[in-house]
Structures are given as structure tokens and as C-alpha cells.
């Protein structure tokens, strides 16, 4: 993992919507808001494979990967991402995931647990405010808050 | 109890809304529909005391009393009506009750049981179709159906 | 009994007051001076009238539930729930039916039975039995402005205790809390009772405490033509103003046709203003309240949400200052707090979502409000004429003559000749105008609208339409077309 | 790849067909003749097009849910529940995302995992994997007409199995199931795929079996100006008609401003009719579908009911032939059957209650539909021009040039220059018209509307408005005014 940085500008976040998911709106807003908060965002858009996240993170020496999944197949699509990161040498990279991760309205604690067990660092429920995610990122990456 | 009749015309029903209840609309519709079905209706309107039902039934030699209660105090207002009927010599007169009998949305089976235990012949849940009540009356009073 | 639309003299008011405060033991706790002090200690954001005025300025529609249970701690919890979880802007305290009929002994029994059984055996909160101190406990425990909502023909003692108890708004009026809520009270009697209420509030006003007053708009809640509810609301506003009330919210119960409903609120506001000004009450503030569907409700809760939401939408499209909210339990009984909050939240969504839209200026609405205006003028001119200029006297005579006549009312002082029915687009028209003092043009207008429906339904205009229309909503329809699927 | 708007020749269709039916093992079960027989055995009341035509004649608005689960017995139960408890007039079968992307192996895995876990692990019903016989089991088990709803760029095999399987309506189109649903499919490619679908349905039509077709109106569901969804719907109607489709339902996703929404349905219907006639397809039937709010939904279920009901009300006030219904679970995930039925019942209440009301003739609606008409004509004239009279060729060129440009689309074949934002009354306008071939008057109109908002909000017209508007609905508002409570 890279050294802590003191300024958002040099913090790089990879974003994208995983799997066969085409929900583009949240991804656009997420990216806009992250950039507004001063992060350097590598947005892979929709329909992103696990490999693409990893390649992008390696290439840009990213500080975190933010995975979105809206369409319900998130559980299937996200499985194995942590292991692949490990294999690629991204051993400690924070994996943050949010959206409508599973099919249907399920108890969020259960869903959260499943994703934490899959190796995710932080899991957000449906319709989470991006501001929250940004605050978390700043804390996690020890960014000086403005 | 009077002899069975073969024709609705000579069947007399006392209607009214019991207690301090002023819900007049259902009472008007109920009366209209009973008359339409050929019954002779003595409508006491709203805010009817137990005594008024009994006096009217005695006076007109009525075949049944239909009590409405909408405003929630039905349980308090209806208690004792059967006993008063018995005292007045209306020993077998059918007492039919309907409306929003208790305060709040309660399990109807429980409410029904409470009213049956209080001596009511038949109990109708909120928003019952009057046609149902009329069919029941016809069966009960062995009226030839048209 | 002799009444007239004159401000009550101090002598007669205080003579009456002595008797009123003796009607039940809690009356003795009332002290005007200390009540004024208490009212003055209530922060601005909790004053009903100020919150309404602010909303009116911003063009917002506030939301308010109905709610009341027998036990006061539970009542506080209920209201807290509604302001926090339900996002209510304004709070109610709905009073039980025994209190409404001044049967304080039975209300006491209801409180005791409720304590025993742990279920609320009363359909509302018995303010009089609890008295001033407990009311202050209630009103102090909450963050939002509170109003007393009831249906009490003789509400004099209730008013005393309510205002002393810290409520900043008070619903009702001598007609609107008589005709739909009573069988045997004469109009003179209830107008006189409500002159007391209004004079009391006038005295608070003179002491620097402004209390909002709200005539009950929907009346029997069933097929009430806007001209009838409008006429009653304006009369009650004038009667209140004469006694010194300065802040009035006139109301209307949704009839179901969008154009007519928007027109009703629009004309209600402008006509009330016009009449208050005409009689010199230019300093009285006017706001409006739209009641979501007041008639029979569908049993199914999802369908009830549909009706609630439609009412919310129309309220905001008409720019009513506030909307009174129904609940998905409406057809069943007094709602749980959750059901009550659910109705509020559905409503909140729409008053927020549609706040930038306004239908008041579309031509069909303007045309419809002009009709309402003419009808109301016919009625109120006749009331003035019958009263030889005195609105109170004229109102009594008007009810006697059927010049004002409210459909489906239980009161024996109501003529009951007017028969409403829906036209083919669902607007409420009059099949029989009874003795309403309408011009031939207006009568023809109503007749024409109903003939259109008759043609569409291939049956004559008849009382059967009225029955079908009352029945229709239970089956999901507004207009009771025969043989509808 | 070369395409043109010409009816596919038998030779090329059947050559393609051989490959299509080999894409997955169930393709081999498809036999055109016996499928025609099967379709002819379906009773009239279960034929989608007939039910729509009947509703259109009577001026009714039908209600239809979305629904699909992985296991077919459960799918049948789900749909039975929706037609019985939910009072649905029309039924769907929503297809899962793997099938939509022709990933039949993964869909198979999804079916198996669902069997194991007892939870539906797919977000829809995998029609292709199940094949003709199981589809017939599903379609035969129900009383109401059924439609396949999906989002599949290459839906050729899915169409074959669906129609052979007894569905009588089919959603989608070469643009509407590409741009919002895909990243890498070119427009040529998907138009060509959908020519296959439409030609197949044309062949059923020629064999005496009419299948209803429905371009997907809402596109990305987020701030889509009516002129954009309208242009796409009309193009897809024309492309379908050329291949022999005779029954088309054009759609629109609610934007939220009442006047604009009613105008959108009104103009969509008349413009589609006009363009079909212009190109000689005078015998094609046109009906309309209104989609309840397609953007982000409130999390709270009561608030969701508010949004659902408002959509229901607008659909019927606009006299859409049917309305596609959302559920109180929308923000959370694929709904339970109870939640789905709840959305239907709220909607049913309002389509019944408001059926006699119609806002299509009010002047503001007429004015707004004229604007939409002019915008659509600008776009479609340019499409014709770019295609030298060929709509298919023109459409490809139009996307390339940004002459058609869909906001928030994932497709890399979409220009993405157009930026929408709401005006101060919530109507969707364009902050940046990109390369849309609008007249200066139209551009000024949009600019003017947004300047009005800017003045009201005391900030310049900017991209921040777009972001605020997308965000607003989550907070309960339509217009993303800055600093709203």
C-alpha cells in the first residue's frame, strides 16, 4: 500500500459498475462528486470486469477501488475480486462496494456480512449518500479534510 | 316472535345509528337499499338510544333491528341491548349490527365474538356490502326471494 | 334564543364564562392572565398561525395528521412519532366523541377503561377531563405547532381549557361543528356557543396572543358542492372576525375532480378575502386547508394510499396552505401511529415533489371558480337579505328556509332537500337545488351537466345516481356509472 | 455492416434464422408452423393487442407490473398472484440480465443456484434457457395477456422462443434496447438484430397471428426530454412497421411535470400516427404506454406509494392506454410479490377513480405538445436527410452526429453531449442541446426556461443543476433547488 497523502489531489480512486450491469446514472454522479471533492478519479463506466478494475488500479497506482452494483447480480459478480487483487499484488487495497447489491429487499446486515466475508473493506446499502462514502474515504486514506 | 311472512312488504325493520354517533351517510344508504328491496323500514336516524330502538320495535311489531355504529364506541354503546330487549318482551328479535364497531383496526373474528357474546345475532365488518345484509335478512326471516 | 352578529359585551361574556367554567371540575383551573403568560412563552416556531403565514409566503403546502388517544402519555408518544417519523409539519389533537357531546362522565369512564384494558377505548383525546396542566404537558412535549380538532357543538369549556393548555390553533364553528356532528342543536344555539369561543380568542388576540381559527370545511364529507362548504366557511370567518379573531384558515374537503378541487381552493381563498374586506375585517389573515378525501375509503391499504396520494397532489397543485392527511387504515378504524405516519409520508413526498407546480391559472379552473363565486354570492346575498344585514340572523333564517342546505347531514335543523350527484367528469353538481337561491342560469348549468351524464349512461337523471355515487368509491370509482366492471 | 430500412428478404431471414436457432440448445425446439397453431389456440381475451385495442376504444388505462424470477413454478405463482391479488390487467415476464446479454451459461448457473438456495439468484425469468415448452406452461397458466419485457440488444433467439412460447406481446427495439442497456453494441448491429425480431413478428402477422410490439420508451429513465424518447419511439415504430408489424405501443417515462407528461403522451400518440401514415403504414394500430417514474426512487415505502400514485394519476389524466407500475420496493431491489401487488392496487385505485377525467385539451398541454412536435420534426427531418430517405441509415448517422443523443446512456455509440435539467416548474428542458438539429427558436425556448430557474435560484445555469436534479428525487424533490430544506 502506498504512503498516506496529505492532499486529495494526488489520491486516485478507480470507479466502475461491475459485471453486466449498465446502470450508468449513479456512476456518473459518483464520479462527479468524487472529482468535486478533489480526488483523481479513474472511471471505468459500466459493465466492468474484475480484471479491468485490477489493471486500472495497477496502472494508476490507485489508492482504492469503488465498486458499484445495482442490478442484483452483485453477489455473483463480486466474488473472487479480493483474491484476484491479492494475486495481482494489490494486497491491501481498500475495496469499497455499494448499490443494490443483491436481488430483492434483504436485511442489510446479512448482505454486509456476506460482502465483508468476501473481502470487501466497506459495504454501502441501497441509495447511500455519496457524501458519506467520501467522508469514509478521507478518513480511511487519512486525507486532510478541508 | 311473529310468524314468517311470505312477502317483504309486510316485513318491518328498525334501523338507526347507536349512541352518540352522527355518521349519517351509511344509514341513509342502508335505509334506501332496504326499502328498495321491499322492506318496511323504520329509520331512527343517528344518535339513537337503546330505548328508542326497543320502543320503535314494540310499536311497529318489527321483525328485526339493524344497529349501525361507525365512530368506534360501538362496544360500549351496544352492551346491554339484548338484555333490555328481553326485558321488554322482544325475546327472540334478531339483532344485526354493522359498521366500524370498535376503535381501530382489530381482528374481525375477535370483534365478532365479543358482539355475539353480547347477544347479537349477526355481526358485519367495516364497509360490508348492504346487499349481503339484505340476503341474510331474507334468509333469516324466510322471505320468498324474488 | 336571540342572536346577532355583534361582538359580545364584556358583561355578557363574563357572565356566561362563570357558568362555562363550572361545567366540569377542570374548568376551575383556567385563569386567563396566566394562560396569556403561558401562551406568550411558546416559541415562535411552535405558533400555528406563524407557521401557516410563513408557508403561505413561500407557496408551500404543510401537512397535518389527525390523531388522538385516551391516555395522555400515549398521546404524547403518538404525536412525537408523527412529528419525527411521520414528518408532520403541524400537529393535531383530535378529541373523543364523548367530550364532543359534553359527556365528561362517560369520557372519564373511557379513560379509566383504557387504563384497565391497555387499549384506547376512546376515539380521541379527552381534553376537558385532563384539564389545563396535562394539556400543557402535551403541548410542551412537542416541537411543532398544535391544533385542537374535534366536532363539538358546544365547545366553550373545551376552548377555555385548550387555549389555556397551550394549543395555538382551534378548529370548528357554529355551523360546521353543528350540522354534520349533531342532531338536535339549533343553529342559534351553536352560533351563540361559537361566538363565545371566538370572543375568547379575540380576547387572547387583544392580549397579544394570536390563535389560529379554522372553520371545519368538509361538513359531512360526502358530495358537498364547493359553493355550500364555501358559503359556510365564509360565514364562520365573518362571525369569528366580528368577535376579534385575526387569523383564519378556511377549508374544503376534496370532491375528486381535479379542476373543481383546484377551483374550490382558489375561489375559497379569494372569496373569503373579499367578504372579510367587504365587512371591514381587512386585518384578518386568511390561509386555506385542503382535506384529503373525506368520504368512504377503500378497505385495501394500497388502494387507500392511492386516494391519499391523489389528495396530496391536488392540495399542492391548488396551493392550499396545508393539507389534512388520511391514513391507510381510514376505512377500518382509528389508525395506529404507523399507519398515520405512512399517510403523512406519502403526502410529504408529493407536497415536496410537486411544490413547483400550480394549476390555479388554467382556464378550466378559472371558469369553474367563477361559477363557484357566483353560487356563493347568490347564497350569501340571500343570507344578508334574510338577516337584514346581520349575518348571524340571516344564517339561522337561511337554514330554516333551506337557503343553506347540507347534503347527508344528521341535523334536524338542516332542510335536507338539496341532492348532489356527479357530472360525467366527476365534478359534484346538484340534481336538486332545493331552495338554494340560485339564478336560472346556475340551475340550468347544474341540470345541463347532469343531463350530459344521463345521456352518457343512457338513463334519466335520478336519485339513483346519488346512491350510485356514494357507493362508487367503495368500488374504486368516483362516478357511479351503472354496471361498471 | 450495412443496413437499410427494407423488409428482410426470405432468403436472408431464413439464412440468419438457422444461425439464431443454434445459439442455444432450446432454439431447436422452435417450429414456426406449430407455433402459429399454438398462438391461434390462445383465446381472444388473452391476446395483448386485442385487450389494448379494447381499452383504447373505451378510453381506459390498463395496469401492468414488471415481474420475473428464476424458477418457473415460482414465476407462475408470482404472475397468478399479480393477476388475482394485484388486479393486473396485463402481465409481464421480465427477463434476467444474463439472458439479456446472451450469457446463457451464466443464466443456467443462476437457475441451478436458485434451486439450491431456494432464493431467486437471477433478476428475471430466463426464457431462452427454459425453452418453448416451459414458456407455454407459463403462458397457459394465466388468465391475462402476457408480454416479454427485457432489455436485450440481440434478442433474436429470445423472440423466437417467446412467441413460440405463447407470449402475445414483445417489448424492445434496436435503439431503445441498445443505448440504455449496452456499452459496446453498435446501432447498425442492434437495428439489424431487431429487424429480425420485427420480421419474425411480421411473418406471424402474415400467418394470421397478431403480436403487439412495444419500443421501450423511458430509455435511461433519467431526465429524458419527451422529444428524445418520442423520436426514438417513432423511428422504432417505422422500422417495425416496415418489417410487417401491425400493432405498436409507443411509450414514455414520466418526467414529473404534469403538463409536460400529459403533453408527451398526447403528442407521442399523434406524432406516431402521423409518421406511420406519412410512410404508408396506415394499417398499423397505435396505442400508448406511460411508465411511472423511472428514475431513482425514495427508500421509504410510503413515499414510494406517493410516487407510484402520482404516476398512476398522470397516466390516466393523459389517457395512456396502459401504465407500467412501480412498487414500494423499487429503491431496494426486485420486489416481493406482495410489494408488487401493492403498487398495482394503488395504481388500480387511481386509474378507476380518475377514468372520467382528461387533461389533454387544456391549453398549456396543447402548447407543450406543439413544442414537442416541433422538436421531434427537427430531429426526424434531419434523420431522413442523413439517411437520404432511409430511416435506418439515417438513425445510425444521427447517433454518430449526435443528432439523436440520450442523456446518461452507457453506450459508447451515444454522443453524450446533450445535458438536461429541469425548469422552475419541473419540466425537463435542455441546458445543452449538443448537436440536436433544433431551430434557434427552440434553443432559445430551452435556454429561456432555464434562465427563469436561474433567476429564481440566484445562480447561473450550469451543470450543477443537472447533478442537483438527479439527486433531488432522493430527497423528495423534483427540482434540485440549492439549499432546499
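Read from first to last, the chains carry the letters A, B, C and D; within each, the first residue is number 1.
By definition in this document, a contact is a pair of C-beta atoms (placed from the backbone, for glycine too) under 8 Å apart; a residue touches a chain by one contact, two chains touch by 3 or more.
As the structure is a prediction and not an experimental result, all values here were calculated from the model.
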Intersection of contact partners for subunit B and subunit C: none
Gap in Å, rounded to a whole number, between the CA centres of subunit C and subunit A: 54
Distance between chain centroids, defined by C-alpha means - subunit A, subunit D (Å): 31
Averaged-CA centre spacing for the pair subunit B and subunit A, given as whole angstrom: 67
Contact pairs between chains, per stated definition: A-D, B-C, C-D
Partner subunit C, residues of subunit B touching it in the complex: 20-22, 24-26, 28-29, 32-33, 45-47, 71-73, 75-76, 100, 102-106, 126-127
Contact footprint of subunit B on subunit C as seen in their complex: 97-98, 100-101, 103, 106, 110, 113, 119-123, 180-184, 220-222, 295-296, 299, 329, 331-336, 339, 408-410, 467, 470-471, 474
In the complex with subunit C, residue positions of subunit D that touch it: 256-259, 298, 300-310, 312-313, 317, 341-350, 352-359, 362-364, 424-426, 473, 475-479
